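Chains here go by letter, A, B and C, matching the order in which they are written, and residues are numbered from 1 within each.
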Amino acid sequence: MLSRIAYGAKLLGCRGVNSSCKRRPQAFKFEFSDFRRHSTSSMVIEEADSQTGFITLNLNRPPVNMFNLEFTQEIIASLGRMSSSQGCQGVVITSAQKSVVSAGLDLNELHQPERERLATFWRAIQDLWLCLYTFPKPVTIAINGHLPAGGMILSTCADYRVMVQGKFTTGLNEVRFGLVAPFFLRDSFRSCVGQRQAELAITMGTLFNPEEALKLGLVDELAADKGSAVERCHSILKLYAQTNSNARHNSKMSLRQEAVDRFHQKRESDLDFFCRSVLSPEVQMTLESYLKSLKQK
Amino acid sequence: MLSRIAYGAKLLGCRGVNSSCKRRPQAFKFEFSDFRRHSTSSMVIEEADSQTGFITLNLNRPPVNMFNLEFTQEIIASLGRMSSSQGCQGVVITSAQKSVVSAGLDLNELHQPERERLATFWRAIQDLWLCLYTFPKPVTIAINGHLPAGGMILSTCADYRVMVQGKFTTGLNEVRFGLVAPFFLRDSFRSCVGQRQAELAITMGTLFNPEEALKLGLVDELAADKGSAVERCHSILKLYAQTNSNARHNSKMSLRQEAVDRFHQKRESDLDFFCRSVLSPEVQMTLESYLKSLKQK
Amino acid sequence: MLSRIAYGAKLLGCRGVNSSCKRRPQAFKFEFSDFRRHSTSSMVIEEADSQTGFITLNLNRPPVNMFNLEFTQEIIASLGRMSSSQGCQGVVITSAQKSVVSAGLDLNELHQPERERLATFWRAIQDLWLCLYTFPKPVTIAINGHLPAGGMILSTCADYRVMVQGKFTTGLNEVRFGLVAPFFLRDSFRSCVGQRQAELAITMGTLFNPEEALKLGLVDELAADKGSAVERCHSILKLYAQTNSNARHNSKMSLRQEAVDRFHQKRESDLDFFCRSVLSPEVQMTLESYLKSLKQK
């Protein structure tokens, strides 16, 4: 059974890269504690296909899979198990909810936070990006619902994106709420669509429907429903399985080196900036009234 | 009246960025002197729409809006007023001439120049680029005529470009005259079309008609005439108006950070190189015969 | 006769760049020894068109133009003659073989190599990339056969690429053999197709047929056969001939500066990494069995 893995063992996933080539950027390193803490969670439902070795992660934090600290750590822990599992040949990320993959950051983490938890939360978000962007095995995503703002960490870091046709949208719409997408998400977004379209999309805060997202390069193909989207992800993972896994990961790291280097250079100042911004009276007031308005609905 | 603004006040346009986030690149800073010097000019005709807060800058240095020192300073001063005006919600750049937006550098600035004026001129050209590329409010351009070479500072730095259909062309054709587009213009051009098409276009010195420019990504859409081009610019500015202005500008600066950093690193050596090249006997001879041939026409 | 050139003279090709502008990246410098060593070779057949000054290099190391040390040095030497020749106005690279332009590295160079020769070989491969990527005259390629893996140095560094329609493929398929394309080839490949498509193509090891390669931007146009591909290359070279050669080369160097800077920064560590990898028992065993299987065919 692929989905039950002894996860205390030292993780092997990234070793090939780090040991063989010092020039390579530093991939995400899973730590023991990531795996213990949330091993019995139901926020990430793992489905393993024992024939292919492909594992589907169904995100399951109703109603809209918002990233709070625990859920983010849960996803990282689950990815850690996939990374270390000899049997896992590739990952499909998708949602257990009907119409949303993830609505992004859970604003409750930002409203009147303890300073320390806030920092831990943002580190987890940064880690989620790094973990996915440098993941040693192929990651695909079946986008079976809305995927705005911070939720796009899941799609822009993946190796392949299939979006379900329908009334769903995806895009970095932060500017519509007075926010700025973090630099690392900007980088993975821009790597999908290029500089010009990234400028236009991000400064406008545009949300794209599936057809537009496909045309822009934000997703790689469309599918009729979740089932066929996951199936297409499996087909892509089968193609990846024909390549040498070490060489593939080294190639991926080589191609993503500039963004990963930038991440390591900037993550501390980004954390500092994030915490100071969120803790400012101005942002707290905006959050307060926004959260109040949500409750009244 | 938006077009009449007390411009002695400290400029606020870029403050949000600089104060809130030290990681951001340094935007253009308008100085008091920029605004005093040419306040009564008619080389830049400002038309304000008091309902929307959109201001149209009609470039008006006949016959072909070539950038000499005074015209360039004028444009910067006008942009400074827009930047500091609380009422200004966005800018449309266009031409008061019938068939040319700008023919680029005024070669008279380069022919037998005083060394000091030459340096001041090139600093102004550099400033024009930085000012537009980092402008805190949305900038659109209605390209209602030819826009070759250095004139493309106006379009490649804008947030949105509409080109009028017709026998107009645009492109970096410097190599046809033995010149090299400056590195900052290369950067903003490349950010529109990508590395490969930038290489091909710049090393060939290709001038593109509106359809080609659209296909390449050098402009974002076409319009039938100047009126409808300006109208389309207004529609885009209305979309921008739905976003948070601070967040939008911070996002723009984040996306343009690499090129702006490069600009600050290289502007002095670029200035030095430019002056030495222009003052060389070889370039002076070429200019002399070229300007003579123009006069004979 | 263009193809017979006194090659002892100091090479002029890159001088314009290096002397006029210290900010520019360092182009490849041909050395005297490159030109003496293999002047009577038949591995690179030069055909000069004395009317146009265009020179066609027919690669001729049967059966599949694999790069060993001598062939690589030969190509560099031939390019050196073109670079220094006053008469040469542009280059067309093509293959004298029927269905292969180049199959990439000659694996015999990697199998049980002398350490010194291995280092010399890899330096030559690096030099071939730098020489082509910074070549002072326009380089075009008529791709009249397969062009996988390392062979793509020839196409991705060229200024223009025409591919012959047919059952040929091109792409970086290294991951299928457990290898990683070197960073410089990754850079020139990525500059053609952009970040996203480079990631997908290289991590999948995809080989593209001519139509796919055209759509991706890996080649610029298709032709019916070798003759018409070479003809189209000539048409492109005629367009380049209308530009100022110094300005054109300076523009090319400016546009390619980042990748060239990276090359100079990393070439030594890349050499070190390459030699250590190849000399590892693991790679030697893989090579041994692979070469054995080839001989049995």
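Here are a few things to note about the model shown:
The definition used in the following text is that contacts are C-beta pairs under 8 Å (C-beta built on N, C-alpha and C of every residue); 3 or more make two chains touch, one makes a residue touch a chain.
Quick caveat, the model's predicted, so the values are computed rather than measured.
Of all residue numbers used where chain A meets chain B, under half belong to both copies. The two sides are thus made of different residues. The rotation relating chain A to chain C, fitted on Cα atoms, amounts to 120°, rounded to the nearest 5.
Chain A and chain B, compared by their mean Cα positions, are separated by 38 Å. In chain C, the residues touching two or more other chains are 194. Contact residues of chain C toward chain A in the complex are 174-181, 183, 186, 190, 194-196, 198-200, 202-205, 266, 269-270, 273, 277.
Here chain A touches chain C in the complex through residues 20-23, 138, 159-160, 191-194, 217, 220, 239-240, 242-244, 246-248, 250-252, 254-256, going by the rule given at the top.
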